[in-house]
Amino acid sequence: MTKTEELLGIGETLGNPLIDSWRQGGGKVIGYSCTYMPEEIIHAAGMMPYRLRGTGCRGISIADSYLSRTSHCSFARTVLELALTGGYGFLDGVVYTNGCDHMRRGYDNWKAQRDRPAFMHMLPVPHTITDHGLKWYEEELVTFRGQLEDHFGAKIEDASLRQSIGLYNETRRLLKELYQLRTEKAPRVTGAEILRIIVASTSMPREKYNKLLAEALEEIKSREGTSDYKSRLMLVGSASDDPAFVDLVENTGGLVVADSLCFGARYFWDLEEDTGDPMHDIAVRYYHHIPCPRMYGEYPARLDFVRSVAKASDADGVVVQTIKYCDLHGVENAMLDKSLEKEGIPVLRLEREYGPSADMGRIRTRVQAFLERIGR
Amino acid sequence: MIVAGCDVGSLSAEAVIMRDGSILSSQIIKVRPRPEQSASEVMDKALSEAGLAYGDIDCCVSTGYGREKIPFANNNVSEISCHGRGAQWLCPTVRTVIDVGGQDCKVVRVDENGKLMNFAMNDKCAAGTGRFLEFMAEVLGLELEELGPRSLSSQQPIAITNMCSIFAESEVLYYRWYEARDPVDLAAGISRAMAERVNALVQRVGVEQDVCVTGGVAKNAGVVRALEEMLQVTSQALAVDPQLVGAVGACLFAQDHLSKSGS
Amino acid sequence: MTRAPTVWEETAALLEGVSVLPEDYGAVLDLARSLPPDTGAMLEAFIDPKFMKMSLAAVKIFGRSLTDILQKRSEGKKVVFRAFNFPPEILFAMDIAPMCTEAAGIIPMMALGGERFFDAAIEAGLPETLCSGHRPTVGMIYDGREFKPDIIINAGAGSCDPNAKLHEYMAHEWGIPLLNLDAPYYHDERALDYYRIEFRNMVSQVEEIAGVKLDYDRLREVVECSNQASELYLEIHELKRAVPFPLPNIYSVLVQLAKLVWAGREETVPFFQIARDTAKDLVAKGQGAFENQRVRSLWLYSGIYYDMEIWRWMEKVGMVYLQDCFSWFPDKIIDTSTIDTMIDGLAERTFNMPMTKQHKGSWDSPEGWAEDMLFLAKELKADCTVFSGHLACKQAWGAYRLMRDMFKSELGIPSLRLESDILDRRITPVSVLKERIEEFVSTIA
Amino acid sequence: MIAAGFDFGALAAKAVLMKDGELVSYGIGDVRANPERVVESVMEKVLSEAGLSADQINCAACTGWGRRRVSYTDKEVGELPCLAKGAQWLLPSVRTVIDVGGQNSRALSVNDKGKVIDYNLNDKCAAGTGRFFELVAKALEVDLGELAALAYQAKSPAEITSQCCVFAESEVVALLNEGLDLADIAAGVHDSTVKRLVAIAGGISIEEDVVMTGGCAKNERLIDGLERLLKTQVVRLSHDPQLVGAVGAALIAEERLRQS
């Protein structure tokens, strides 16, 4: 098996052998929900951050008596279903942000269960970008750091934080290098592969990941690029850890050469500074990273990012997808649709359910028609 | 040059055979359990009507939700493109095509060459699709074909409030049998409810004249009229059965395919 | 040639006309019958024959508010769109016309009939799953039937995504300055300090954008008027503990007109005085506002607004509507001694508005949704709760099950879950809601 | 004393006659096949089986969706009290009733007097109801009664993900097209319904004994699935579970007569 294959396989299941052996060695794993939660703090405590996802969930039932099938997004419901049915048994703690109404209520419902992880923390992030907002966020990070230390009896030194920053910046640099390879004229890596590689980063010890990623990167660099595609697409929208969806788009003939997703570019795009005050550096980086649609008033920044990345990657069109009931992306996508089409960038708006589903046939028809529309 | 288009949808399957840009034969059948069965059956019929055999077809394009499963097709094109292309070919002034099929409703904008410019399609709910009308016709004890003509004479359409087909079913049942409402008024209410759902989708891509309505629902005069009123347009009549438009479009793509590979 | 009246002009004229009707239900019915069916039905529903004075005073508030805003605009003053959870007092003191976006869409649509404006917003590309609260106003603008605001204020960023996101949409779509007030997750001193900064920033931004200055004398007048209304509101709240219940169900709707649309203006005071006198009188006599009170229901979130007739219908089936989350205003009387105490007091009041207070944090946070509703249930002697189930309210739906379980374990009272769009009657026919309510009442009574 | 109970559902109309607290005859009619006269025809059957005439009935009550249209009685009763009463009469130890009818599914907590103390209903969608099974059976071209037997033969149940009944219809056809086994699809249909039911039942606290009522309670595969997911046993009733509402109505009619 090549290093690339090894890397691509890690996120295919919810847990994996690397997590198992980490735990057997006495390591703790902390689940988290959103890119506004700095992994560095968990890492500096000697623990492994793991991003919650819905991989492998077969249907939702228990969660639907807490969240509603007719008003909540299927990603939040899937995560809660796994939480309530023991899917995340490998977690020692969980930290959520108030990323969106669906996820924060998912946290409330999980926390209300008798059988829940011993450590559960909410990290509230402001919804606007201001000076006092940054201060609030940094205070919250300090509180979170303290709670982690208290609960697990771990000491988080500034020095280890700075080390973690270095390590995570290294990941970001590697991923950006990889990302460049997808934007070439004949890309050497597909969109589905990129997603799998990013999902892997949130599901294994970081030191190992960086090493594996560096090795895989070398392999990928030596690949032949592909020109066997109808159009180059950029993918934008709701949280998506589901490579099957990208596979579907790419199997229809559209190569995904860029994205603005939280399991994508938004996760690694921005680097951290190291000014010697690590908590502040972390706060600045996370608070100001490419904003999620949950940050109100930041639409111009998000549009700029989509526009510039679409241009840099020479995308022929942008697919903006929303998981049904997701208002943040639903409204955002309505705005993007108008803004981009006005500038002559074709947009396909998709509303979908999270996870593998027979609905794929209907989505495939739309994607195919979009490719027929924009095909050169 | 003989080309064929085969459109396998969720409720019906159509085949059209064209020679040098004119239609030789066309057939419509109800779908069989498997798309390949439907495709063979409808194509067999169209071929025999035209007095041709499979070997005579220079190129065949499939479309519809079963399009990837058709063994004798050389290529497949989405039904969205096919409907746009087919309708514009049949009526060259058409720029907006509203296709309401069994479970899908789509609105397609095309340019003067029938090329797809933009489109919208219903998402997770069957309200505003042909299946909705089927349910309603069944509840009223009418044939699907009767629903449209019956609704036209209504003076007082009854508002159908449920958007879900299943709940609308019992709503209509209740009005019909336990409040003894006039089926004509119910049929008109159903047409309006249907047209409203379709209109919501139309507005997403916007209307450019001329407009034509295709798909099975195009045969329902009640829905078409309600829609025309809402959009303030007149739907262009097509020279062929509106259900065939997708298959006609597929034929045209088959022609393209041949001329491209020929050159 | 005179131009046709706009939606708001037409609504203002209608309601102002209604508010000066004689106190004679026959006159209301005569008027109602002369109007289009939807308009007439709305009028009949809003005006309770047994409590005409109270109803007319409330109708007057809304009519007045529209007239006043239109007048201001014609004088070249700026108009702000703000959601219901931003109390308008501070804007009055800057001579800015505050339009409550939800009320400005829903009430005219109710008054003039139809659902056209819900759909216009969807047709423009907004998702169908978005809250219907603002859609009518957005729809009126898309249809060219109403004007765009000069400034948009969103006061509860963090309490409801659809609400906040739609404000961002409007601002971008129409190129209008947007002021967000970020309401932090917690409800404590630190959060309030944060919110006070947000509030003050908002004031100076409005001053800058509109080229106005906060008028301190006017502010004092407005705050004093608002305080007076708050005192009356709280006095009425005490009276609501009485069994039988001394107010008509519709009071919970009318009070929202006074508090959410026009707080700080003199038209609200007579309404509260009439309501207080009515309740006081009935309590003294040991009477209820209506007969046959079988169950006392606390509505955990909002009421149902698409068919206003349902409020009196509930009285007929024996359901007392104690109140809901959106008619809960635990106001503190604002200290008017200095400009700072007034601004900070208004900031705090804004922070305590319905939804902002209960829904920005976790469901069971101190002073959050669970605590407030439990408090009200105990105080008002509720024997059941009802959730109106507005489909767009993801934050409320996401904690309803927990609320339901809590009421069962803490107070042993049952809860009814409805599923509806509280404004668009096409989502759940009112007959279905009535059936569910009737079934509930007969099952638990 | 002769008491009659009707349960007029969206798909089926049920009638029972009880004589001195014993069930003497019952009948079930298809509403959509004969919407105008379904009650009359069921009633004729029930009376003739019992050897009684209509004027011998001392009291009657009707429940269900069409209850206001039954001319035999002006006494209409809510569906929930009837289900609770009927289930408790059939099985005195019952505390939880899961009812799966034509268009509604619901879960009820019942006390030892047969009174409803809590309940939860399905949401605004007919997935997980009898109508869903009907549509799917039709799409699969299988007799509704055979669906459960077929599901028992499944090797690996398919996943049915559609949220909408109408789309589920085409989803099963699509699965069939993909070459999936009919039995696996049938099992998937049952499992997806069980998941919906668990979500509804999750809204109340489930206490034993648990029973299932309504037309779908005749489906053993559904009960099996529910038992597995709820981790609780479902007690099989001694009478047709579709009649529970009608039995409850008859009992309530009798009770009211005695009280008056």
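Labels A, B, C and D are assigned to the chains in the order they are written; within every chain, residues are numbered from 1.
The working rule: a contact is a pair of C-beta atoms (placed from the backbone, for glycine too) under 8 Å apart; a residue touches a chain by one contact, two chains touch by 3 or more.
Fair warning: this is a prediction, and the values are worked out from it, not measured in the lab.
Trainee: Out of curiosity, which chains are bumping into both chain A and chain C?
Mentor: B, D
Trainee: Comparing centres built from CA atoms, which chain ends up most distant from chain D?
Mentor: Farthest from chain D by mean C-alpha position: A.
Trainee: If you count the contact pairs for each chain pair, which pair has the most?
Mentor: That would be the chain pair A-C.
Trainee: How big is the gap, in whole Å, between where the Cα atoms of chain A centre and where those of chain D centre?
Mentor: From the centre of chain A to the centre of chain D is 45 Å.
Trainee: Report the inter-centroid distance (CA atoms only) between chain B and chain D in whole Å.
Mentor: Their C-alpha centroids are separated by 38 Å.
Trainee: Centroid of chain C to centroid of chain D, CA atoms only: how many Å?
Mentor: Whole-Å distance between the two chain centres: 41.
Trainee: Which positions in chain C are in touch with at least two other chains?
Mentor: 124-125, 401, 419, 427, in rising order.
Trainee: At which residue positions does chain D touch at least two other chains?
Mentor: 120, 123-125, 163, 167, 174, 203
Trainee: Using the touch definition from the top, which residues of chain A touch two or more other chains?
Mentor: Residues 65-66, 68, 70, 324, 351, 353, 359, 361.
Trainee: Counting only chain pairs that touch, give me the topology of the graph as line, ring, star, complete or other.
Mentor: complete
Trainee: Chain A touches which residues of chain C in the complex?
Mentor: The contact residues of chain C facing chain A are 124-127, 129-131, 154, 157-158, 160-162, 164-169, 172-173, 178, 180, 182, 184-186, 194, 197-198, 201, 361-364, 391-395, 397-402, 419.
Trainee: Okay, in this complex, where on chain D does chain B touch?
Mentor: Checking each residue of chain D against chain B gives 10, 31-32, 35-36, 65-66, 68-69, 103, 124-126, 131, 141, 163-167, 169-170, 173-174, 176-177.
Trainee: Mind pulling up the chain B residues that touch chain C in the complex?
Mentor: These residues of chain B touch chain C: 161-163, 171, 196, 199-200, 203-204.
Trainee: Given the complex with chain C, which residues does chain D contribute to the contact?
Mentor: Contact set of chain D toward chain C: 78-81, 116-121, 123-124, 203.
Trainee: Where on chain C is chain D touching in the complex?
Mentor: 401, 404, 408, 414, 417, 419, 427-428, 436, 438-439, 442-444
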